[in-house]
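Some structures to go through are shown next.
Both complexes below contain chain A, partnered by chain B and then by chain C.
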Partner chain A sequence: MTHRPYTPWLFLAPGLAICLMFTIFPFLNMIVLAFTDASALGGGRFTGVDNFVRMAQDPKFWAAARNSLLYMVCVVPPLVLLPLLIAMLAQKVVPGIGIFRTAFFTPVIASTVVVGLIWTWLLDSRGLVNNVVEALGGSRIGFLTDSTLLLISSMVVTVWRGLGYYMVIYLAALANVPKDLHEAAMVDGAGPVRRFWSVTVPSIRPTMVLVAALSAVNGFRVFSEIYLLSGGSGGPGGASTTLVMLIQLTGRGLTGEVGYASALSIVLFVILLGLLLITLRLNRREDRL
Partner chain B sequence: MKLALRYVALLAILAISIGPFLWQFATSIKGPGEDVFVPDFIPDDPTFGNYAAVADVVPVWTFALNSLGVASVNVVTNCLGAAMAGYALARLKFRGRRFAAVVFASSILVPFEAIMISLFLVMRGFGLTNTLTGVVLPGAIAALNVLLLRNAFLALPAEVEEAATIDGANAWQRFTRLALPSVKGTLVVVALFSFMFSWDDFLWPLIVLSDQEKYTLTIGLAYLQGTFVQNQRLVAAGTIIAVVPLILLFLLLQKHFFRGVGEGAIKG
Partner chain C sequence: MKRRTFLAGLAAVPVAGCGLSGTSSTSTGTTGQVTGEITFQTWSLKPKYTDYVNGVVDAFQKQHQGTTVKWVDQPADGYLAKVMADASAGSLPDVINVPPDLSFPLAKAGQLVNLDESMKDAKPEYLGNAWQAFEIPGKGGCYGFPWYLNTGPIFYNKALFSQAGLDPDKPPTNFKELEEQALKLAQKKIAILGQTPSIADFGLYGVKLFENDRFTFNEPKGVELAESYKRMYDAGALIPEALTQNYTGAGAKFMAQQTALNPGSAYDLGKFKTDAPSLYANVGISTPITNTGSANMFLHGVSVPKSSKNQATALAFGRFVTNAENQVRFAKLASIFPSTSKGGDDPYFTTEDGTDEARVRVAAAKQLKTAVNYTPVQFSDQMREALLQQLADAMLGKKSPKQALDDAVSECNRLLK
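The block that comes next holds the complex of A and B.
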C-alpha cells in the first residue's frame, strides 16, 4: 500500500500526543519528583532517597499499604467463587432468564459513586441494614464508624458490585464447556457437586485465574468505596486509608507534598505493575485456549 | 421442583442486586413528613418534590450537563483518535511503527492512580486545572482503545483495501470508506465504555476540579452527601438522577455491554 512518508504520523499524532503528554511524561516526571522535596507550589531540591527513608518510618504508609493488601486478599476469593455460582445459575435458559441476567448486571452499570452513596445510606447507624439487625434482635452496628468494620463494609460493596461483572465473564467461559463432558459424568453417576469440581472447575480454570488476577489488581487500587463510605476522611483517625487514598490526601491541594506523594506512587506503581503483568500473561494464555 | 429451587435462588440474587436501588428510589420519593429511617419500600405519600428540591441546594442539572459534555467529548475523541492510531498501526507500513506501538503498550501498563499527582502538575502547567477540558484530556484517547481497534483492523481482510489502493484511493479514503465501517461493532463497544468510564470517573475530577459550577455529577454527589447528609431524600434523588441515564443506555445496548466485558474494554 502506498502513502506519503508522513501520512502514518498524521494518523498517529493525536493518540501519541495524548499518551506522551498525559501518561508517559507524568510517569517519568513522577520518578524524578520522588527524589525531591517538591511541594504543590513547585520547586523542590534533590533529596536523594529521603522520601523513601521517611516512608519506611511512616506508620501512615504502613497502615495504608496493609489496608490495600488486606483489601486485595479479602475480595479475591469471594469474587472468584460467588460470580461463578451465579453464572452457573444464570447459565441455563429458563423463561425470564434475560431479565435476571440484566438485573444482576445493574450494579456494574451504576457508577461507583452512586453505589457508594447507596450503601452509605443502607449501612447508616439508623439505616435499613441496622433496622433488619434490630428486628432480628441484635443491637445496632457501627458499620461506618469503626475502622475495621468500615474496611469490611467497603469490601462488601466491592464484592457486591463485582458480582455481575465477573458473572458475564464466567457466562462466556461456561458456554464453551463441552456439554458431552457433563453428560458423560452424569452417565457415570456423578452428582452436581462432583460434576462442579471434576468437570466445570477444570474446564474454566484459566478464566478463574483471570478473574482472580483482575479482582486483585482492582482490589489493590481501591479508592472510591473507602472514600465515600468514610465521607472522605478515610475512617476514624484515617485508620482505614488505603494506599491510593493516602497518595491523594498527601499530594492534593496547595499544601500537597508532591515529592513524598510521588515516592508513594512509585511503590504503588511497582506493586500494580507486577499484578498487571501477571494479568496480561494470564489473559494471553486464556486467549490461546 | 428443581426448577422452583432455581427460581428461588435467582429471585434471592435479584433482590440482592437491585434491592439497594429500589430502597434508594423509595427514599427519594418520600415526602418531608415521612420518617426515612422506617424500612418502608412503598411511601405513604410519594412525591417527586425532592428532585426539584435537590436542584435548589446544589446545581445538580449543571453537574449533569457537565458530565454529559465530558462523556460525549470522550466518546468522540476515543472513537476517532483511537481508530486513526489503530489503523496506522494495523495497515500502514512505516519506520517508527514499533516506537508508536511501544508508547501505546507502555501507556496501558501505567495505572492512573500512580501518576495522578504528577498529572495534576502537568495540567497546571497547561493552565487547565479546574476546567472541563482538563477533565477530558488525559483519557481522551485511551491506549487500550487504540490496541482494541488495531486488533479489529488486523482482523479485516487486506485484499479490499489493496484493490482500492490500485484504484487510486489514498490512506484517508481507505480508512474512512472501507476500514471504519467494517469495525462498527468494536467502535460501539469503545463508544459505550468511553461514555461509561467518563460518566463514572471520580478520582480525576476530584483532583482537577475545584469550583462547584465545574463539578461533574460524581463529585457533585459526593459533595451533596458531605453537605446535606441530614436530608437523605435529596441525596437519594441526586443518585437516582445520576444512575437513570446509564440504566437506559444499558437496556438499549445490552448485548454490546456484554461483548465489551468479553473483550476487556472495561477495567471494572
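The block that comes next holds the complex of A and C.
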C-alpha cells in the first residue's frame, strides 16, 4: 500500500503544533528574555550577560543552588534502594498483597497540595508528631520552622511520595529477571542476600540507573514540597529556598523580574541537561560491560 | 488583613509564570456612546454573590439600552497570574476588579485609563482616602474607581488573657501595651501573635514608609518596632511559624487558639461563629492597635484598561458598579463597606442592634472615616517576601534589627527600578 509523502506529517501535525506552541516557543522566548531586563508587563531592554553576572554575585542564587544540590544528593540513595526493597516484597504472591501495593502507590496519585497539607498538619509546632514528642517528655521540634529541619522534612515527603512510583518501575524490571538464574544460584548454595547482590542487582542495573536519573532530576528541581511545607516562604529568612522556588519567587507577579528569572531557568536547564548526559553515559558504559 | 482575601476569605497564593514580550496599549477613546458589549472581570465573587452581580449587570443594561455586559469571575487562587497573562497579551477585560497594588504596575506601564482625565466629575462621589489609594504617588492620576473597603478591629482570646492574669477587658490599644501584655502572656507560655510585622504594621506604628520615591521604613522608629518584636520573639510571645507566615496562616493559628490576638474584619466574626465556636465564646473585640490614631484600610477597585475597545461603556459601567446605591447593597450582603462619600451614612453602618456583628460593623464604619491604606502601592509581592525574610533573620539573631531593615529597604528600593 502506498501513501503520499506528507501523510505522516499530517498525523504528527497536531502534536507538533502543541509542542511548538507550549514547549519550543516558550523555551526560545525564555532564552531571549534571559538577556533582557524584562518584567511581566514589558519586553525589557537588551542587557547582555548582566543577569548572569548578577547571578554569580547573588548569595540567594548560591544558597538555592546549594539547597537543590543537597536535596538531590540526599533523596537519590533512598529513592533508588527503598522502592527496590518494597518491590521485592510486593512481588510476592501472598493474600492481601494488593492492599500493600495500593498503600504504597496511593501517595503517587494523591494531590500534591493535599499531601503538603497533611504533612504540614503532622509536622507543625502543634501538630501530631510534636504532640507525641511532648507527651513522651521531649520538647517540641521545629520541623517547619528551622531551615535545616524544613529541608529534611521536605526530603522525607519527597521520598515517601516517590516510593510507590519507583516501586512500580522496579516491579516491571523484577518480573523480567530470569527465574532459572535464581534457581541455578540456589542449587549452587547461594542464600537470599547473595542472590540479591549477584543475581537481582546485576539484572536490574539499567533500571536502577534510570530510577537514579529520574529521582536526581526530580530532586534537583523540587518545588511543591518546600513551597507547601514553608507556606510559600522558603523557610525562615528564605534559607530553605531551592532553585525552582527562587525562579518562582523572582518571576511571579506583575512586578516580577522575568529577565532574571529566565536567566535562572537557563542555568537550571543546563544543570539538568548535564545530569542527564552523565546518566546516559553511565548507562552506556554499563551496557558495554 | 491581607487585602487579597478580605472579601471572600479565600486563601490566595498568586503564582505566575514567565510572561512573553510586553505589549503596548493604544487608547481607543473614552468619549462616545454607551453601547455595545463589554467584559467585566471580578475577583472570587461566584457563587456567593452571583445574584447580586447579575442584578447590577441587568440594571445597567436596562438603563443603557444596547449594552451587553459579559461577567467573568476568576477564583482568588491564580487571579494575579490571570491578570498578568492578560496584561502581557494586551487582552485585559474591559472592566477589571483590582486592588491598588495590582492597579499600580498596570498604570505605571500605561495600561489603564486615567480617571482624573476621563471622568473628571467622579472624584467627589468617593471617599478622599479611597480615591487617593488608586493614584500614582507623586505623579497624579487615578486609575481605578474605588469599590469595596474594609477595616477591622482586633480580636483577642479573653480566656487566654485571663489565664495570664491580664484584664480580659483591657486588650492592648497601642504597640507599647502590645509588648507589655505579650511579655506577660509569654510568661505563661502563651503566644500573642502569629506573624512578624507587615509593612502596614510599620505604618500603624508611625514609621515613614515611603518618601521621595524611596522606601524609608528603616528609619529609627522602624528599628524600634523591629526591636520590640525581637524582644517578644525571644520571650516566646510569637509562635515559631510567625517567621514564615502570612495573614491567612496567622488567622488559622488564632482560630486554633494557639495565639491570643489577631487583627481581623467583620467577616471573621461570622467565621469564628461557624468554624470555631469555642473561640467565639471567648472572643473579645477591640479597636486596632495603632500609634497614629488611624486604622488600616483595605480596598478593591475597578479599572478600565486602555486596550478596551469600548471605553465609554466600560467607564460608565465601572462608575455604575461603584455608585453609592450598588455599593451599599453589596456591603449589606458581604460584611464590607462602601467607598462612596455618602455610602457610610446609611443607618445600617451607624446603628447598633445589640449584636456583636452590628457592634463590629458600626465601629469599623466609624474607623473608616480616618483610616489609611498604609501599604504603599509600590510594595510588591517580592518586597513583602524580602521584608518577611529579613525580619526572620533579625528574630533568629542572624543580624540586628537595624541591619535587617537596612537590607530590606535596600532590596525594596532595588526592586522599585
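Things worth noting here:
By our rule, the second predicted complex is superposed on the first by the 255 of 289 C-alpha atoms of A that agree within 3 Å, B and C clash if a C-alpha of one lies under 4 Å from a C-alpha of the other, contacts with A are read in each partner's own complex, and residues count from 1 in each chain.
Everything that follows uses one rule, which is that contacts are C-beta pairs under 8 Å (C-beta built on N, C-alpha and C of every residue); 3 or more make two chains touch, one makes a residue touch a chain.
Worth saying up front: this structure is predicted, and the values here are computed from it rather than measured.
Once chain A is used to superpose the two complexes, chain B occupies space that clashes with chain C.
When the two complexes are overlaid on their common chain A, residue A:Q248 makes contact with chain B and with chain C alike. Judged by the touch definition given at the top, the superposed model places A:G238 against chain C, while chain B stays out of reach. Of the two partner chains placed by superposition, only chain B is touched by A:L276; chain C is not. Of the two partners chain B and chain C, it is B that touches the larger number of chain A residues. Applying the stated contact rule after C-alpha superposition, one finds that A:N29 touches each of chain B and chain C.
By the touch criterion stated above, A:K92 is placed in contact with chain B alone, chain C being left untouched. With both structures placed on the common chain, the touch criterion links A:R126 to chain B and to chain C.
Legend: residue contacts after superposition of the two complexes on their common chain; A:T145 is shown touching chain C, with no touch to chain B. In the superposed model, A:V113 makes contact with chain B only, not with chain C. By the touch criterion defined above, A:A261 reaches both chain B and chain C.
When both structures are laid over each other on chain A, chain C collides with chain B only at 117-125; the other stretches in 117-125, 135-143 or 243-251 stay clear. In the superposition on chain A, the residues of chain A contacted by chain B and by chain C overlap at 26, 29-30, 33, 124, 126, 231-232, 248, 251-252, 256, 258, 261-262, 265. Only residues 26, 29-30, 33, 38-44, 124-126, 142, 144-145, 230-238, 248-258, 261-262, 265 of chain A touch chain C when the two sit together in their complex. Listed in rising order, the residues of chain B touching chain A in the complex are 3, 6-7, 9-10, 13-14, 16-18, 20-21, 23-24, 27, 37-39, 77, 81-82, 84-85, 87-89, 91-94, 96-97, 100, 103-104, 106-107, 109-111, 113-122, 137-138, 140-141, 143, 146, 161-162, 165, 170-172, 174-175, 196, 199-200, 202-203, 206-207, 217-219, 221-222, 225-226, 229, 232, 235-236, 238-239, 242-243, 246-247, 249-251, 254, 257-258, 261-262, 264, 266-268. Residues 13-22, 80-81, 83-84, 87-88, 102, 105-106, 109, 111, 239-241, 243-246, 249, 256, 258, 380-382, 385, 388-390, 392-393, 395-396, 398, 415 of chain C are the ones touching chain A in the complex.
Listing the residues of chain A that touch chain B in their complex gives 1-3, 5, 7-9, 11-12, 14-16, 18-27, 29-30, 33, 86, 89-90, 92, 94, 97, 100, 102-107, 109-114, 117-122, 124, 126-128, 131-132, 160, 162-165, 168-169, 171-172, 214-215, 218, 221, 223-224, 227-228, 231-232, 244, 247-248, 251-252, 256, 258, 261-262, 265-266, 268-269, 272-273, 276-277, 283.
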